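Going by the order they are written in, the chains are A, B, C and D; count residues from 1 in each one.
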Amino acid sequence: MSAVLEVSGVSKRFGAFRALTDVTFDVREGETLGLIGPNGAGKTTLFNIITGFLRPDAGGLHYGGEAIDHLSPERRVSRGMVRTFQKSMVFPELTVRENIAMAARQRAGVGLRWGGAQRRLGAAEARVHQLIGDSGLRRSGGERMSDLSYGEQRIVDLLISLALEPRLLLLDEPTAGLAQEEAERLLQIVRHHDARTSVVLIAHDIDIVFGACDRIAVLNLGQVLCCGTPEVVRADASVRAAYLGALADS
Amino acid sequence: MGYAIVQVLNALSFSALLLLTALGLSVVLSLMNFINLAHGSFYLLGSYIAVFWFASGAPWWLAFPVAFLATALAGALLERFPFRGFYARTHLMQVLLTYGLSVVFADLMRWGFGAQILSPELPEPLQGVVFLLDMPFPVYRLFLIGVGFFLAGILWVLLDRTLWGAVVRASVADRGMVETLGIDTRRVLSAVLVLSAGLGGVSGALGAGMLAAYPGLDEEVLILALVTVVVGGLGTFRGTVLSALVVGFALTFSKVWFPEFANVVAFSAMAVLLLLRPAGLVAPRLRQV
Amino acid sequence: MVAVAGLSAAALLAGEFHLRFLAEILIIGTAVMSLDLLVGFGGLVSLGHAALFGAAAYAAAVAAQHLGGNLLFILGTGIAMGAAVAALMGAVIVRTSSLFLLILTLLLGQIVWEIVFHWRDVTGGADGLRGLPPLSFGPWVLSSARPLFLLAGLLALAALWLAHSFVDAPLGRALIGSREQPIRMSALGYSIPRIRFLTMLVAGAIAGAAGALYPFVNLYIGPQSVHWTLSATMIIMLVIGGVGSLWGAFLGSAVYLAIQTYISAYTDRWQLFVGLIFVLTVLLLPNGLAGGLRRLASRMRRRRAQQA
Amino acid sequence: MRDDAQPRLAATRRRLLVGAGVSTLLPLARPVLSQGARPLRIGMVTSLSGPFTALGESMRAGMQLLLSQSGNSMAGRSVEFLVEDDAARPEDGVRKARKLIGQDRVDVICGVISSGVALALRDVVTEAKVPTFLLGSANDLARKAASPYIVRPTKTNWMLGHTAARWAYDKVSKARVLTVGSDYAAGREYVGDFVQTFQQLGGRLGRQLWTPLGSADFGPLLTTIASERPDMVFGFFAGSDAVRFLRQWKEYRLAGRIPLVGPGAFFDQEDVLPAVGDAALGAVNAFNQSPTAPASANFNRAYMAAGKPLPGEFSTNGYVCGQTIKAVLERVEGDLSDWEKARAALFAEPVDTAFGRIPFDPRNGQAILDIHVNEVRRSADGKMINTVVHTYESVRDPGPDA
């Protein structure tokens, strides 16, 4: 199984604060990699670097075997690298359908069209319908986003990302603030989407991560403590000391 | 040599004036994230007060505290309604509300003070001149330089170096947290706005000797202040001071070297500056996501 | 439909002065509507919109002086000039937002103003250009009020249609997205600078078309039409009319110009009226008169439905 | 030309807007009476907002003074006076003029301060064939833009720039004269006309400085002037620029050291001098208006009796404009229907005004004026007053010959 993404030796400082130090790991094709660690461990910073929103001070990224450090966030997206954000980032004034269509049109290469390309636009619309139908959302799609519940918004948030047909999907705490049932439905949508999609999942809920992920990387104070299958991570003494233990104590 | 020194002093005095006009605007923007385009009106009101005070024969230096208090009072009234309801609104709505108010105030002041250009008779001690290597430089401008940077210093200490300043900043950053400490954040925010309005008035009183007072000055001053604050980078006090110097020197030396094209040169310089540093000279670090 | 009916009714009934006044409202309204694309849909508050409008107006006036007033040629010149200045401005502002954008557009617009003001040989400087040849279309000379009014009406309708099609197209949707969630838009692979740049071009072209006709209402063009104060006035008109509604722009320019034209004959305090109406709109009708009318209409419809 | 299909639509809108109180102004509300009894409607376009507000208010006050002195009637016809604000914007001015013509159906248009507005109005009033008494001072108004429907009872910029150069060359300095001007149309004309005449007389100039309209700070410029050490400065600024320049001129101790000469608007008695203290003391200006000119004495008294300050150019302009309109009407017994005849009657004989006895140039309708050389002096009660020290009689703009 080849690696979709290789992160090698990435470091990032903000002033005197070392957000990331020499972070190295890879994401394999089709796998779901969990990324856990306490608050401030650098998980979101790492996402920002992978997706090009931030530049690393040192180290590099390879995506599909190719160095991508010079690519803008938009170019990385066009190569199938898609992320979500910690808080829900939907378009509140638009309808559900329009929210998802925003991504579907971009995927179809007609995101900035003004006239023409009717066939591709139609295909994008169809894709939106299909995504809404498959999601199990009991919504027609004509509702304004701001009228939806938080859980539904997070699901639409995910559907927006899926409409881009990602090769690598980076999910930043998609289940935060959701009830157990909603969180599971959301993960189910991810898993059923496409077996070839690799997923990196940040989540606070240990059960979810250990249940849903093929491998897990543990980040603490900007460093990778351990990376491996759930069993390996569970057995790792340093993880236990730094993270799991602390959780267990609290 | 004397020529160069005096031109530098000219630039410094204009920078001081810019700094004075921009301080109040910068304070509300940096501490409360509130854009007050009615700031020019506070300035002009302060200028009118100074003109009438100097003419009244009362002790001249009292004009400045009086201008401060009068405009602070106006600020306090406006704070209750309608500013307070707009602190949490978008910048666009704040811009629209306060710009609309400035249009109203402009016409009210024209109504009250007339359309004539009024100019204060400067008090005796400020009328002098010093000669630097045979080149004249007015004492009043030295006074402006001194007061401008002195006021900036006081504000810096007050807001950056005292507990009160910390409370203000904390009230903006995390309102709930400060309120659990038993501090009424609404009053803190009111106090900042009142301070800012007072600063507008006192700068108007100080600047009246240079810019005079007439309908339309409010808008001219507002633009100068806004450019200064924005070039400095929104929401940083250091940036405003730096930017007042940069803009002041740019405007002054473009007048020295290219008097005919002074505005084009200065505007272009500022536009290029904003292009190179899209978040201003001193950009606050903000986490985006 | 209503708009077309209103325009034709006015063309039949109104007199010389009123037709010309309505033509001015429609032309300015078209420019304000193009500003609505930036402000209402893109969240880009520009204080340099008069520079696009005015530069196009000057280009059209100068072209007419030298090459005659052929309508299509003049319109083409204005559109090209509006789009060209918009391209320059767009290239500069695409990466800024909020107050930075406001000030940057102000500075750029004032640079255009300074050029117009100082290039006396071509622009007439502070006095402006006077005695322009009237517009012509084939054998028809469009100098009297009625054809000018009809022309302005056609321009307004065409621009309104164009703006609607823009807003409904993927590009317009992307513009709204870039206003609502710029970060998410980049994460979806949209280039926000590109969206903004294209929008500037469209807004510039529409403002340019309006600017092209403007000098021919009075056969005069002056530097005030480039000045930032006109940009600020346009924003006032837009807010009174209703940000984000497109057609509200015409309402806003009509209200503003009517106040300025009619109230000022009776009181020097007309600016106070404008200011108060503006502030009241911001306080009470955040979506302007257009939003207010729409709400009123839907309430009446509901009441009628209840009665039925 | 006037459109007789007066719109009902507009009349109702107006009624809605302004209520019944002003319905007397409605054009349709009155029956058409015989020419003699129908009131004369005078429309004034002037700046009541924008940068020339103070000047516009003075102009209106001057005109109103004349009207009240005449009992609101001229040559037996009662007068209705309508004022419209042009905000110093040509587009607004044109719209207001069209409103006065098309809706209010005025018989005469007058006023205007900004040259841009005046030039923009030129074609509108000419096309509509409305007699117009235009007060802007751009040279073109007496030259390329002259019109048979326009009468100009005021100066052109050339008349002041030219005269100032003659005085400066004869009495102040023949060389090392520095010019400084506000960089817009009027500044360019005043300084350009001064330079032309001064050089024709054989004078030699030093540097020529220009500064943008609306400058907040003249310090850099004044320091440059101080370092140039010229023998004389010819300058022009208007309004707030003039006030700031003159005050700072004194602060930098140039007042009293370098003679300052300019056109009168730079030292206007009503607009500028009261705001600058003694900063302009000793400065010399060429002006068609002076409160110390004998012709102005009666007007001064009446104007000040109305609670106004010592009059400056624009209040006098407004008054003189009214005097001229009145003179025309009296010469044709109130019947303006034949403008050709009325115009000939005006040109036939000079008119007595607060500017003196002025003949009109039949080529362009331009007044031929006495231009005073004023020195700013301190009066007995401490006021700064433009005091006539010399008068160049009958200065005539070159007009179409220029």
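Definition applied: a contact is a pair of C-beta atoms (placed from the backbone, for glycine too) under 8 Å apart; a residue touches a chain by one contact, two chains touch by 3 or more.
All values derive from a computational prediction rather than experimental measurement.
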Smallest number of contact steps required from chain B to reach chain C: 1
Mutual neighbours - chains that touch chain B and chain D alike: C
Chain occupying the most central position, where position means C-alpha average: C
Interface with more contacting C-beta pairs, comparing A-C to C-D: C-D
Farthest-lying chain, centroid of Cα atoms versus that of chain A: D
Geometric centre distance via CA averages, chain C-chain A, whole Å: 43
Chain centre separation (chain A, chain D; CA means) in Å: 72
Separation of chain C from chain D, taking each centre as the mean of its C-alpha atoms, in whole Å: 34
CA centroid of chain A to CA centroid of chain B, Å: 46
Interface hub residues of chain D, defined as touching at least two other chains: 183, 212
Residue list for chain C, restricted to those that touch at least two other chains: 114, 118, 183, 271
Touching two or more other chains - residues of chain B: 260, 263, 288-289
Chain D to chain B touching residues, read off their complex: 50-51, 53-54, 57, 183, 209-212, 214-217, 219-221, 223-224, 226-227, 239-240, 243-244, 247-248, 251-254, 271-272, 274-277
List of chain B residues in touch with chain C within their complex: 35, 82, 91-93, 95-97, 99-108, 111, 223, 226-227, 230-231, 234, 260-261, 263-264, 267-268, 270-271, 274-275, 278-280, 288-289
In the complex with chain D, residue positions of chain B that touch it: 3, 6-7, 10-11, 13-14, 17, 110, 114-119, 121, 127, 129, 135-138, 140-141, 209-212, 214-217, 220, 224, 251-253, 255-256, 259-260, 262-263
Of chain C, residues touching chain A in the complex: 165-166, 169-174, 176-177, 180-181, 183-191, 194-195, 198
Chain C-touching residues of chain A, taken from the complex the two chains share: 51, 53, 72-74, 77-78, 82-85, 89-94, 98, 101-103, 105-106, 110-115, 121, 160, 164
